[in-house]
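One chain, chain A, appears in both complexes that follow, with chain B as partner in the first and chain C in the second.
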Partner chain A sequence: MTTTLDPRELSAARRVMWTYLITGFAIFALMILIGFSMRMEQAGWIAYAPQTFYSLMTLHGIGMITAVAVASMGELWYLMRLETVLDERLAYWAWGFIVAGAIAVVISVLAGQFGAAWTFLYPLPFVGTWWPSWATGFYLIGVALVTIGWMMWCTQMLGCVLSRYGGFRGALGWDYVFHRRAFEQSGRTPPPPQAYAALVAAVDGVLTGTIGMIIGVALIVHWISPSVVIDPLWAKNLTYFFGHAFANLTIYMAVAGVYVGMPRYADREYHTSVALAVAWWGTLVFVAIAYFHHLYMDFVQIRALQYIGEAASYLSSIPTALVTVYGSLMLVYRSRMRWSLGSLFMFGGLVGWIVGGFGAVLDATIPINSDLHNTLWVPAHFHTYLLEGVVLFVLGWTFMMLEERSGSISSAAVRWLVGLGFFGGGGLFLLGFYIAGAEGVPRRYAVQPAPGPELSGLASVGVIILLIALVIVLVEAIRLAAIARRRTA
Partner chain B sequence: MAETTTIVLVVFLIGAGCIIAFMTAVALSSLGKPLPQAEVSRMGYAARKWWARILGVAVIIAFAVSVPWFPYSGAKVLGSEQHFKVVAQQFSFTLPPSVPSKTPIVFDVTATDVNHGFGIYDPAGKLVAQVQAMPDYVNHLRVDFTTPGKYVVRCLEYCGVAHAQMQSSFEVQ
Partner chain C sequence: MTRRGIAWTLGIIAVLASVIPAFAGVDEPIAIHHLDHSGLVLLGAAAAFFVRDPSAKGSPASGARWLVLTVLAPIAMMFVMWPSLYDYLDAHASLHALEHLVLAALGYVAVAAGERYVRGVGATMGVLMFVMAVLSAAGYGVMKP
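And then the complex of A and B:
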């Protein structure tokens, strides 16, 4: 990539990126072990008190989402830093808030045994608890701090995108789409693909972060003064509005690395097209309103919102299927693709995103949702596009950086092992969730009805295979980083 | 109803298999003779027009087909059908001991403390209907039972320490 940064600026930008990425990976490593232990507990291989199980489930949920968010934020921040000026200090402040929040959450769960699930659905954090009241406060304040850090990042991103590309009109590519001839004759070019990811993440992030802060403050007020009551349906709407977007946006942030990385691996060009711009306009809207599918089984919800929820959930798959993934396939098709761990991860991430998205679209169909809502089908599809999607995008970006800086790649044997582990082991792990979901086994059960435990055992075997692959990935990352260091020294 | 999730699973597995096979084939094509990007773009954009149409039509059809099956008929049937009250609380259900089969019935579902889920499993163990049980609100779940027998009820919204044990049953006569 051509860059206008001088070496000092470039290394400062890289430091921000690595700070975010390594933070994300460190949290990810811990959370994956917790996830593994939960799956083994459901299989009956180990025994947890239910309190322990649900506390760990809470930590795994919020921890994983924070981990992939932080890593994607670092990646996208760096990509945008190559396009425009971004103040590193603000990025470190945002990071600091997130880390402070994460520490508060860890204290709340590990010392206080908080266990109302990461979605903290009112009034569960306050009723029938086995944890002390301070743990609830720590958890809520911790999530609020994470949200503040995230919103700081979003605000910085929004400011830079708007000033760099000429306000919303320019950043959206309005004139490029509607007055294309005049636009191109005046010698202008639309924002690059990664800028669309940044714009959408920033706008939806500010919007849903604000919603998150509203419900968060309401809960903190209730925590301080229990006589202030909250409407449970209102709370549910706001909570899922926030939670859905926070989790969903991680994908759209991380995929920016694929926009930049895939053309480099394929040795082809990739530019913003009208289709890409319009696709991201759609994503901007659908990410915000698809959350209604979390309330399908709340029959008292305003009826129109159920219809909107199904429509938005369906429509949100179109930009992905028609533009981002399709475009990537066109880059790879009969190209001189260089296959390395980095490109394998990026491509595999696209597969996981589409497969998981398909599982999600089925579940977003209201009559089907009647049979799958809150069964293990839900963790089945979101683990597909988080574990085999976002995580792979971020790993792909990380390995692309490592490969470029070290000038070397992993051997074919390593690539096969990692590929088999990730897709074979990972696939087995996911299949356990999918089959159990179709069998009606509920999610979030410390002890599952049949055939839950058998399938949990099968899934745990898959996790072991996946873990072996992850260890190999870690060793390779360290090896490449060491070579890169020697080269620059 | 019982077989729907099996069909969904099979559809999903076939779909996932096709997606994986197709994308793998594209990946493998990069091992053969390369084609100039302009050529690929020309073919790709032409094919995308069709892909867009297929997707668009699929979405519209799926939406249209699903609407008549929405479970929200509650308001329409209120009054004429037999009503049964269901109350969920940490960690039990207050239920009618039995309900009639082959006649439309409506469960009026609520909760006293936190959010719960009212999930009905038929005698074969399949999830046949569900609705949220929420404090301050009453959700009306319409069910027409055809097979008599013992139906198990499980909580389908995480509600605390004994969530996995929150189970009850009623008889369909």
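And then the complex of A and C:
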């Protein structure tokens, strides 16, 4: 049962949510411009030194992940605040740590030219550098601050689900799944779908943060005391555990808004089912162990882990495709769906999730990975997943809030323009990555072999169209917010 | 034995396990040293687990400071386990014992603070802290420069 908030509490909860959402969108806007400049540079439209490219690539990578994570965190925090009382101060502290970390990273890259890629894979931040040592330190401390903020948020979520639903057993819905009759006869109800997203974000998030702290502190210690030598394979395992799971969790957090939003648009109920609970149990495990697919090329890695990585990558798609996406399609099928920007974004996000996920599973298939590893196929699938998945889910939630509060929706013309921009421009942008990847163009190179530059040009045209759509989205958001403010004044 | 009795027993074992090896002057590889530390952290964490009031549930509505403590304790542990200081500490038994006591205390603080925040959070953090120390043995400063 959802907690009823009085107007003051609701206002405070919304303030937290908007703080996170606006921060996320602001970072996203800055990072999309940096990404655009990188594609233009690869296309030969503009020119800057390769070092500048790698520095901007580092900032773009870590900035985008942080942007979508922060926005998703705000959305999920608000949804769980509707379930139980949460301390807003903690949410602001976590936000403060993340913003402080982001500022440190920006300084390290823009002032110090740090450019070891966002994955800061040991020993790259320390060997053959063109940036000063302080920039490495700023970057590592910045990432550590973001990780502390993330840990605080995840621990608060963990406390939230444990106290609200009766420990791990209750939060998992264990009795609901295995002793259903007795469970229902006792008058209890399982956690709502969005609580499963919170549980997975909390448990895998705390695990991810823990791993991030190990490698983060180890790198900081090595920076201060270079005689402390780190095992590179150990470092790579920890780094990719942290990076993979953190990036994955952004979409699992954001999808909570779809669980709540889509039923409102379809005017139908979306309840927790046994299939949904079990699917999220699977996600809880697969998010943590799929990262091994990043280490296929590391011949010294234990062979069994490679197979675990491949199996987990395949298995992780089942809960997504069969439960969340199929369930959402059934929600829409033959419903009186209200199509607005909010519902379009949510629905489009499901499409992007499936397409990006399919590209990811292909790349996680060992024989295919032999060809696609470290080609532009990799950014192709994760840009699909992030841009046409997470970002659309968060935009969907944002517009649902704005539409409900303003009592107004965008015109059909605006919806078409935004749809064409996101899926036309966005599609063109992504196609540039996919085709180049399939052609074997390597990723993370300032200067690409053919057909990289031509496809980068095509992708840049896509970005221009996408940017136009984003400007329209921004104008619409401001317009709806202004109407909402007038209504509540 | 009562919960408090178990907690006291674990606490005394933690103190003895911190002090005796430090003065024994055993020279160990860094990886083994990390593993020793994981044991100390676990002892401190387990003592905190048994000292908590089992009927207290805590609430995410308050107790922000407890959450901050439970998050920061594992980070502090990683810094205390600074591998290049081990040689120096091996030669200074009192400081070495103090380092061990601090590690056990950090395990205690993480679990006690987490359990005070919401029941279950501290135990989770205690397990993760132990895992951190064990994982460190696989690569944190264990290679020759």
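Going forward, the second predicted complex is superposed on the first by the 486 of 489 C-alpha atoms of A that agree within 3 Å, B and C clash if a C-alpha of one lies under 4 Å from a C-alpha of the other, contacts with A are read in each partner's own complex, and residues count from 1 in each chain.
As a convention for this text, a residue touches a chain if its C-beta (ideal position, glycine included) is under 8 Å from a C-beta of that chain, and two chains touch if they have at least 3 such contacts.
Note that the coordinates shown come from a computational prediction; the quantities given were computed from them, not determined experimentally.
Asker: With chain A superposed, do chain B and chain C clash or fit?
Answerer: fit
Asker: Is A:Gln51 touching anything from chain B or chain C once the two structures are fitted on A? First, second, both or neither.
Answerer: first
Asker: If we overlay the two complexes on their shared chain A, which of chain B and chain C does A:Thr324 touch? Say first, second, both or neither.
Answerer: Neither partner.
Asker: Using the superposed model, determine the angle chain B, chain A, chain C defined by their C-alpha centres, to the nearest 10 degrees.
Answerer: For this superposed arrangement the angle is about 100 degrees.
Asker: Of the two partners chain B and chain C, indicate the one touching more residues belonging to chain A.
Answerer: If we count touched residues of chain A for both partners, the winner is B.
Asker: Examine A:Asp371 and indicate which partner it touches, taking first as chain B and second as chain C; both and neither are also allowed.
Answerer: In the superposed model, A:Asp371 contacts chain B only, not chain C.
Asker: Figure out whether A:Gly159 sits in contact with chain B (first) or chain C (second), or with both, or with neither.
Answerer: Touch partner of A:Gly159: chain C, not chain B.
Asker: Regarding the shared-chain residue A:Ser406, is it in contact with chain B (first), chain C (second), both, or neither?
Answerer: Neither: A:Ser406 stays clear of chain B and chain C.
Asker: Which partner does A:Thr239 reach: the first (chain B), the second (chain C), both, or neither?
Answerer: Neither partner.
Asker: Return first, second, both or neither, reflecting whether A:Ala266 touches chain B, chain C, both chains, or no partner chain.
Answerer: Touch partner of A:Ala266: chain B, not chain C.
Asker: Please indicate which partner A:Ser225 is in contact with in the superposed arrangement: first for chain B, second for chain C, both, or neither.
Answerer: It touches chain C, and chain B stays clear.
Asker: I'd like to know which partner A:Glu439 touches here: chain B for first, chain C for second, both or neither.
Answerer: It touches chain B, and chain C stays clear.
Asker: Could you tell me how near the closest CA atoms of chain B and chain C get once both structures are overlaid on the shared chain, in Å?
Answerer: In this superposition, no C-alpha atom of chain B lies closer than 10 Å to one of chain C.
Asker: Hey, what residues of chain A end up touching chain B and chain C alike?
Answerer: 231, 233
Asker: Could you pull out which chain A residues touch chain C in their complex?
Answerer: 84-87, 89-90, 93, 144, 148, 151-152, 155-156, 158-160, 162-163, 167-168, 206-207, 210-211, 213-214, 217-218, 221, 225-231, 233-235, 238
Asker: Which stretch or stretches of chain A touch chain B in the complex?
Answerer: Residue list for chain A touching chain B: 50-51, 54, 115, 117, 121, 123-124, 127-130, 231-233, 236, 266, 268-269, 275, 297-300, 303, 306-307, 310-311, 314-315, 318, 321-322, 326, 329-330, 332-337, 339, 347, 350-351, 354-355, 358-359, 362, 365-368, 370-375, 434-435, 437-440, 442-450.
Asker: Can you tell me which positions in chain B touch chain A when the two form their complex?
Answerer: Going through chain B, the ones touching chain A are 1, 4-6, 8-9, 11-13, 15-16, 19-20, 23, 26-27, 29-30, 32-35, 37, 40-41, 44, 48, 51-52, 55-56, 59, 62-63, 66-67, 69-72, 74, 90, 113-115, 117, 119, 121, 125-132, 134-141, 154-165.
Asker: Where on chain C is chain A touching in the complex?
Answerer: Residues 57-64, 67-68, 70-72, 74-75, 78-79, 82-84, 114, 117-121, 124-125, 128, 131-132, 135-136, 138-145 of chain C touch chain A in their complex.
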